[in-house]
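Structures for review follow.
Shared between the two complexes below is chain A, which pairs with chain B and chain C, respectively.
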Partner chain A sequence: MSELAIPTLEAQVKSERSAIGSLRMVQTASILVIALVIVSPLFMLLIASLKDDRFQILADMGSFRAFWVSNPTLSNFAEIGNLSGELAFGRYLVNSLIILASTVGAGLIVNSMAGFVLAWGSLRGRALILSLVIALYVIPQESIIMPLVIMVSRAGMTDTFAVQIVPWIASPLYIFLFYQFFAQLPKELFEAAQIDGASVFRIYRSIFLPLSLPALATVSILMGIESWNQYLWPILVTQTDYARPIAVAIATFFGQDSIYWDRAMAASVLMMIPILALYLAFQRWFVSSFVGSAVKG
Partner chain B sequence: MTLQQTVRPAVIARSASRRDNGRLIQEIGMLAPAVILLTIFLAVPFLLSFWTAMTNQPLVPRPTPIRFVGFNNFLRIFRDELFWTSLWNVSRFTFWILPVQCGLAFATALLLHQKLPFRNLFRGLFFLPAITSMVVVCVIWGTLFQYPSGPFNQIIGFLSGGRIQPIDWLGDPNWAMFSIVLLSAWQAYGFQMIVYLAGLQGIPDELYDAARIDGANAFQRFWHVTMPGLRPTHVFVLVITTIQAFKLYTQVAILTQGGPKSSTETVVHYMVRSGFEEQKLGYASAVSVILFLIVLVIALLQRQLLRRFDV
Partner chain C sequence: MASVTIEQVRKQYGAVPVIHGVSMDIEDGEFVTLVGPSGCGKSTLLRMLAGLEDISGGEIRIGGRLVNDVAPKERDIAMVFQSYALYPHMTVAENMGFALKLKGEDKAAIGKRVKEAADILALGPLLDRLPKQLSGGQRQRVAMGRAIVRHPQVFLFDEPLSNLDAKLRVTMRAEIKDLHQRLKTTTVYVTHDQIEAMTMADRIVVMRGGAVEQIGKPLELYDRPANTFVATFIGSPAMNLFEGSIVDGQFVTDGGARLPLPAGYSGDAVRTFGVRPEHLAPSENGVRATVVVVEPTGSETHVVVKIGSADTSLVLRDRIDLEPGQQIAVAPDLSKLHLFSASGTRVN
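What follows is the complex of A and B.
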């Protein structure tokens, strides 16, 4: 069959080859146009954050000068980078980092343990728990936020770090991602360790977890983005600077009569750096595995 | 969203019975943190919201006891014109965001699926807005939208030779929601792009080869191989985008506060306002129950669609 097929295929590929050349050009041009649309606002942000004069920033925006800074200065960053005072963006950044690290750290442990037991445990009612977890996935954060605010304020948890961390550690989506990942590993792994006398926790800790780098990376990135970008929840549960995250602090720029764009831009760049670092660190595993779970999930 | 259950690994041979108890305790211990947290912070508030929705609970506790008011909150919501405006607004938003965001994501994924130079670099670049916080996106687009001499208006003025008057992107009721659509699509399309890329990778090369042998040209291959292969992906992307659209909040709260003239009022913004500015928590909970029901209906619709496509 293939002896017949190959010549026909090759002939057609050859005839298409000339068309492909011009198609390539169109494709490359399109990619570059999209890249321009996507990246230029971010590039503009970076450039503007290095400019000193907030009126000049707006004046430059409409021309190519938006992409060029003749005498870059870090004065905006110096102005907002302090840890106390009126524009204590350094402090808000640290707050956000504390919340991010705690949420993701605890989330990786809690969700992966649950996913592991649901995939490999011998517990009765495991299937029921799994379907309950999946059912909970449909509930959007926005629709539980009202009663949750009452609950945490009754518990005296407002204006703390804990209130921004603890409620978002366990998540149906991430439990399911871990479950799915663990369940597709070969059962010989589990059985061999069991015969050697390893306990369930030991098998999870020493064998399955080290193999789950793609799942850990994916959940870290997704949870990190989610935690870093929380906005509605922190404005409801923080009243003072003590635990206020940087997203809320940046948003306060918009309440003012004339916006200090120079500082807002610098604060925005500051806010992008940690999550960008997280993304770059884990990106290699992220793309390939987010993938499989997404469409089914 | 339907979460399809992956086939569970075969049942493991039971170990010696004296070890069973210890194993069970360990398993319960490993499962407990997640179950307890999900119960306290998801299941309980979810069930509570149905109860709160039927009371006159205020935000700040009052000496007067909380009264059960039945479906009164819901009736008042349905009689409030602003609620219907907010529902209409998120519908308009959905109508615009679906083609703009999903179209951009699909087109980009198709391009990146080709063997173009530097395509990994482009893939990384195109995902950057998706990791950018909505607050930062608002700072960027807030400058782009400046009236009358922001970048967009200057570009339009330059291209039209000054014939087109500057547009008050965020201040004109006719434009405000569309401006929100533009920045939202820019921010969120990266996720959809990755989902589409995964869908494209999932179509076996053999299908394309077979189509070539049958003499199908590039367009025919796209229409008869790529599109059918992407059906579940399309359903997933459209549903996720629709659900996100109905939860629209942050960009509106920061840039327009629902204005001008309520043209960007959304369901979640309406909910937060009635709960925290007007302090009517019972009323706001009723809105949140309605929001949940909307999301549930969309999710069930996805299930039905996927089942019809036999995936």
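What follows is the complex of A and C.
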């Protein structure tokens, strides 16, 4: 009996294995299709930026030639990568980097301090302030943008770097993010540091801030992307090349009668590189902040 | 080192009082444990001593200095937390030296003091490790190291052994006691474990419901508990208590058993009759009892018997063959009785 049963069992296992195998194949194929859909426009962009004939780029767009370049060249990048003049994308890129670094740098300090005080400070009315901060988050940026434009123009701040940095440093979302992160750290850490003789600022600087690397990374990436992609605000508050960011400069290609696709593509690639680098640098922390947020500190 | 005086200290959260006028004097170099069930206010009292909780009324003095409104860092105390509260991103050495660094001491002095403390606690080889790379017992020792490196006037321990397994707890208990004997620093130690309190303390403060039930040396509390709460809280297995009244010079329990009393008691003076499990023994002229459970532990045998309707514990040093269901007679040692009034206070 048992001798007869063995082949049957083997066949069963075999058929189950082949079912699992084909399921895996379907899964892998689906993932590949999704990845292709997401990656192909980026790949197309990169390829187009390496072609020097803008009419050819347009002609290639509807076919597989959009994904192939026979004579790659960096001439588009050389054309637009100036620090001054008409196509000063080098300058716009530097402008955007200055704005990003300043906004993120100052934002990390201001928002983390605010979050820390709301979580651990002895400030009266903390709960009320926190509710207000959360309530502020639901107000869309666009709805306050015109009064803000009037304010900064009266203050004589238009066409400066400061006007593109200062209004976006403090953010209810990031304050709340830091608040949540700090609030879940154990109370005993705060108390132990108090007994050790640390001031509230010292506890923030020496104990809580070093422990909040995941939150710092998350906020850096989110703030960085937000700052990098700012478009409406810089259009309203910049008039010259002096502090114009790259996102605004790229848009100028598309207002012209004839679109220089080659330059636009190269400029887009330039714009993508820093934010991609920022993400890759902080990716580990960014992911762990979501995974680890439930783990006790 | 310093004495600690707590005088009529009260604490309330809003309208809810949690500490009701507690007073005690802790002498210089003394090891005092605050013990009691969960929610009795022992940790709150310790935290008030540390300055981590405001005081609603009364006075706390450390070394004669009134510290009611003094910040924790100005009190010259060190505290060991139940969760150890080690700084996760700092090495053992950095954890231990953090307080000294804040005081502005130079690196060489910090290194020397950290090394001294590490030698005392056998932490030398672990100084460069992070807390996550240590076992529970090692973390506990680092937490103590962080406290002793500062040479504080008072050590405060808040249930420091609760997170350790039973075996390690016994080892650490001995280490803390040994440390105290070497350093002679005034220590206030909070625990809910009466064995910890009994084995470590010079004096024990038993608390319940935000008030002190009794203060005394461990054996004083064991031998002469002031009330039925202390009587049952201190000692394991707990003291046997029988409710009843005096009839014809004997104590008749509510379950109908007649227990012998020393001469001189009558009327309503005694309403609760207490006897520790080791002071009850089989005796031919004793009270009838039925064996319920027999638990041999090797050195002694724990027996539960029914006297009247009450389950009663016995601890027997001698190895006697007993079977569940067996009828025996037991008698209390009359010189070791604990008699309490209707309000639960001791009368003998």
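Everything that follows uses one rule, which is that the second predicted complex is superposed on the first by the 269 of 297 C-alpha atoms of A that agree within 3 Å, B and C clash if a C-alpha of one lies under 4 Å from a C-alpha of the other, contacts with A are read in each partner's own complex, and residues count from 1 in each chain.
Criterion: contacts are C-beta pairs under 8 Å (C-beta built on N, C-alpha and C of every residue); 3 or more make two chains touch, one makes a residue touch a chain.
Predicted, not measured: the structure shown is a model, and the values here were computed from it.
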Touching partner for A:75 - first (chain B), second (chain C), both, neither: neither
Of chain C and chain B, partner touching more chain A residues: B
Partner chain(s) touched by A:211 [first = chain B, second = chain C, both, neither]: second
Partner chain in contact with A:239 - chain B first, chain C second, else both or neither: neither
A:191 touches, of chain B and chain C: first, second, both or neither? both
Chain B/chain C common contact set on chain A: 191, 194, 297
Contacting residues of chain A [partner chain C, same complex]: 186, 188-189, 191-198, 202, 206-207, 210-211, 297
Chain B contact footprint on chain A (complex, rising order): 5, 8-9, 12-13, 16, 19, 23-24, 27-28, 30-31, 34-35, 37-39, 41-42, 44-45, 48, 57-58, 61-63, 66, 109-111, 113-114, 116-123, 127, 129-131, 133-134, 136-140, 142-151, 166-170, 172, 175-176, 179-180, 183-184, 187, 190-191, 194, 199-201, 204, 221, 225, 228-229, 231-232, 236, 247-248, 250-251, 253-254, 259, 261, 264-265, 267-268, 271-272, 275-276, 279, 283, 287, 290-292, 294-297
Complex contacts: residues of chain C adjacent to chain A: 50-52, 71-73, 77-79, 81-89, 98-99, 102-103, 146, 150
Interfacial residue positions of chain B with respect to chain A in the complex: 1, 3-10, 12-15, 20, 22-24, 26-31, 33-35, 37-38, 41-46, 48-49, 52, 57, 104, 107-108, 111-112, 114, 116-117, 122-136, 138-144, 146, 149-151, 153-155, 158, 186, 194-195, 197-199, 201-202, 209, 212-213, 215, 218, 232-233, 236, 243, 247, 249-250, 253-255, 268, 271-272, 275-276, 281, 284-285, 288-289, 291-292, 295-296, 299
